[in-house]
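This is the structure, below, for whatever I ask next.
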């Protein structure tokens, strides 16, 4: 039970607990907060694995931009408690079992599978090597994503602007 | 020294929770968050794998996933705003006309 | 060096081009330019034909074999079904070629005058040229398939031209009738082709005839008939359709609804003789099957007599000529049937001349009478339209078979051959002779009713006038031809040789029944008898119609004949009625509406019902969609992870 | 005892450092409020606080006591968890952001555990810093939303929008520096600025004498403006615009929770100032070329006169503070000054810290100065400025810098 394992379990517990609370919270903003906690915990796990750049990006983009957008929108629409309608009988009865089934399948598959153990997780992925990979091997996907973002921006603007202006 | 499977199991659990949230919650925004949660779970798996195999490709993929998620959030929230304006409700079960 | 033979396709192609130009571009052209195209193309192809004939004779002198040229592979379907676009010339083809192009050209010239005041001038000539194209294809074909293309094509053109006045209901009906009746014949023709292919694995004339000349094939297979008998009878069925023999002759009289030049070209001179041509072309096969020959002879003879009797009482000038055409075609088949193919072809040629002449003259008469066709509304025209009168008279004498006009020789040859044939030759001869009497009778009746006696038409409305030059000149040419056309056989009378038969001998060769020189005293006698018969007909006609007659009441036999033995009505009752009934009640109501539409609509209903059921799955409720996605995910993961999962799933968890 | 220390030094030493840092920062924040009030007062030709203690030096203490002892009401219909968490988030993040900032060049070894001036010395400290500032928005946003009050909500909305908008500019404006330094580590960035012997000319601000360096003055202005916006200071203090929104997002907060926001704001000011110092002003490097040894005495030359002045000024006051405290501090300063002259090693030890603090102090002063001078933006002006001017300019800066670097490399 060395330190890193302890940290892992703590973070994992935090993440799972936050995810559960995301489900249980009635108010979207609480769900959002829980999700932020999950993300921070995941960032911690990334650090634990030595993927520090990913961790930082995780917090900056997810925590600092995406989730802020969520919170912002929740505030903008002044969303209240969610009402528990059950119009879809299917979702009401079959939904959660199905989700559990999928998760169970994946988990079972993982436990069955034999992976090489993580090689020295403390070895940091140097940002340089990452950027080399990103800008040499994956340069076309990278450019494509930039284009995707451009499109997304346009779409968001078109969607969000009120009719008339 | 943490076995990769731990990470994968954790990611599976988070993914499952995300799916449960997806089918269980009624609020569009929360459902959106559920999707983000699932994406995060996948990211965790990616990083775990990239560490397990000692290649950084997984992390690059994570970056891509994050970017795509950001774009998706921008558009999706735009749609949500529009829907909420027109339907006066954020409950997905009340937004079932297959049109704005 | 044979420039035209090497490019033989130029001959049919020219009319096709003319037809295409006129048909596509000619709709707003002046008549002169349309004439230029139409006459130019046909005239050119006539010249080419002459040149081709010259070259062919030259070629034949060298190689002593018919000329066949393979141009392109047309159908290469089955391992031994390879049909090329092949053209073929031998002496038979030469005759047909000259007749078709020559007469066709003359009739084209004539049409420029006759159709001058008609609507759809360009359409008429486009059809005519198209007809020329198909007819030439028919006569030049080197295998049954190309021939069949021409065969169908002329059928199409005949349909189009019969229905030329498509606003006239009777014309449209006549066109349909012609087409459908021909279809019956063509059905037989196709079956014949299939049978030949099945037997000889080829449809090229050369191959088929080579194989057929083998002694062993004659009596193989197919019940008590030989295959060849069956094939010949089927081909002959096609011939009866196209050449208007019993029982399929009924369309030809109605075909007179078309413009008169059409009647002259298609329904007298060329197309209707296609059947004869096919029989003559396939003589090798026919000679192997006595049954078939006998059938041909019987049918021909019967038709000759039958049609002649009907012709006796018709009042419509063109109807009379139509029935006479049928009867003359009967003669030709009689000739072929008794094995005198050259005689049949000979009569075909002469008939082409004088029947074209008669029709065109009749057309000229009608033209003069301003469209009147009923002979009872004419009379005393001889003095008014002299040229037409003389031409008509020439034609009449020719067809009646007076010496020394064309039919005298040709018909004589046929009757002589019939007389000599082993199978009931005398009977055939007798009937043929009687038909000859009838022929001369109804022809002279026509002449007298039309040209003599006091006129029975209204002077004030009808302004009788002679036709223009471009109509009369072809008449004169044809008149000349129908005088001299028979003189090939002149020497035969005096023990000399029959040049026409001689000319065709490379084709028919030994196939000919050698009536022969030995009996030419008998031949003289028979000719004399024929003369007497013709005169007899003339005299009777003169006695009956020279003094002006009123149209008597139709009673008894006369009525029967006038109504053509009620054949149309019988067909109507026997075939058409039931057919229509079946088509309407079974094919239409039951099969089409019930089964096919039922299936189609049923599918439609089914789809709609299913959609109506499935529709509810798409509630628009995102959560249910999500659950569906999850269901799919379960399945997919189950499949993907199966290899590593099944111990886990079946209690193998440790 | 000592082996225990040696064994757990990796825990104990950081804890000690954190304790010290927190103590110092809190004091600094407190006296920043005093400084602010004084400066603004003088800008506005007033005296400012001068009742509590000499020059009102005891004022921050008094305020602190007041905050502590005030009643802490919980307004009706607030979202309790969020309402409660928000100030902690604000303060905690602000404090955390200081954790990665190196205050000096020295590394010292304590109980066999080597550590540096500054809590954590991670090699992506800049990214961490940005991550923390990125999260900083939640404090304000949550507070505004949770307190169930129109003004607060508007404040919260504004702040979240504003922070998202200016964060981009903030991040992009430092890319130039990153390109030059080729590292995320603040320490390396500082050291790289000191490579050449040119003094302040070689700072990133001017960027002379570095191999591939290029002046980041544009980057600096973008950074500074964006930073002010990030910290919700005048002229970007719309989230708490008194004239429009009473007190903006913290309208409903009182006593200690309010104090937390307050402290958090000042702490982030400090942090941002430190960051600006490090990125553009050479951090702890002295503005003079290292070869000019006499500049080592600049600190003492400042301390001694200031101390003497304090002693002289102190004796005007008849009360205990005047008689004892001020002269005491004055004496200490003087003694330190003299000591620095006498003991060069100590002087050497103190140089970096001195310059660093001095630069940060100047930045703080500029903050206050601006608050005293500039009017507040209108909201739409704020947005259009952020998106249509600041962002393009910083992007242009990135492009320009990278182009120059590329050109210099070949």
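Some notes on this structure:
Labels A, B, C and D are assigned to the chains in the order they are written; within every chain, residues are numbered from 1.
Following the convention adopted for this analysis, a residue touches a chain if its C-beta (ideal position, glycine included) is under 8 Å from a C-beta of that chain, and two chains touch if they have at least 3 such contacts.
Model, not experiment: these values are computed from the prediction.
In summary, the chains found to touch both chain C and chain D are A.
Here A-C and A-B are compared, and the pair linked by more C-beta contacts is A-B. The innermost chain, defined by the distance from its C-alpha mean to the mean of all protein C-alpha atoms, is B.
Chain geometry summary: the mean Cα position of chain A and that of chain C are 86 Å apart. One finds 36 Å separating the Cα centroids of chain B and chain D. Note: centroid distance chain A to chain B, computed from Cα atoms, is 6 Å. Our note on geometry: chain A versus chain D, Cα centroid distance of 32 Å, whole angstroms.
Across the assembly, chain A contributes residues 53, 57, 65, 69, 74, 76, 87-88, 91, 95, 98-99, 102, 106, 111, 113 that each touch 2 or more other chains.
Among the residues of chain B, those in touch with two or more other chains are 19, 22-23, 26, 93, 96.
Counting partner chains per residue, chain D has no residue touching two or more of them.
Touching pairs of chains, sorted by label, consist of A-B, A-C, A-D, B-C. Residue ranges of chain B in contact with chain C, taken from their complex: 19, 22-23, 26, 31, 92-93, 95-98.
Across the complex, chain A is touched by residues 79, 81-82, 85, 122-124, 127-128, 130-131, 133-135, 137-138, 141-142, 144-145, 153, 156-157, 160-161, 163-164, 167, 171, 184 of chain D.
Residues of chain C that touch chain A in their complex: 619, 621, 623-624, 626-628, 630-631, 633-634, 637-638, 641, 644-645, 647-649. By the touch criterion given at the top, residues 87-88, 90-91, 94-95, 98-99, 101-102, 105-106, 108-109, 111-113 of chain A touch chain C in their complex.
Within the complex, the chain A residues that touch chain D are 27, 29-30, 33, 36, 40, 43, 52-53, 56-57, 59-60, 63-65, 68-69, 71-72, 74-76, 78, 124, 127.
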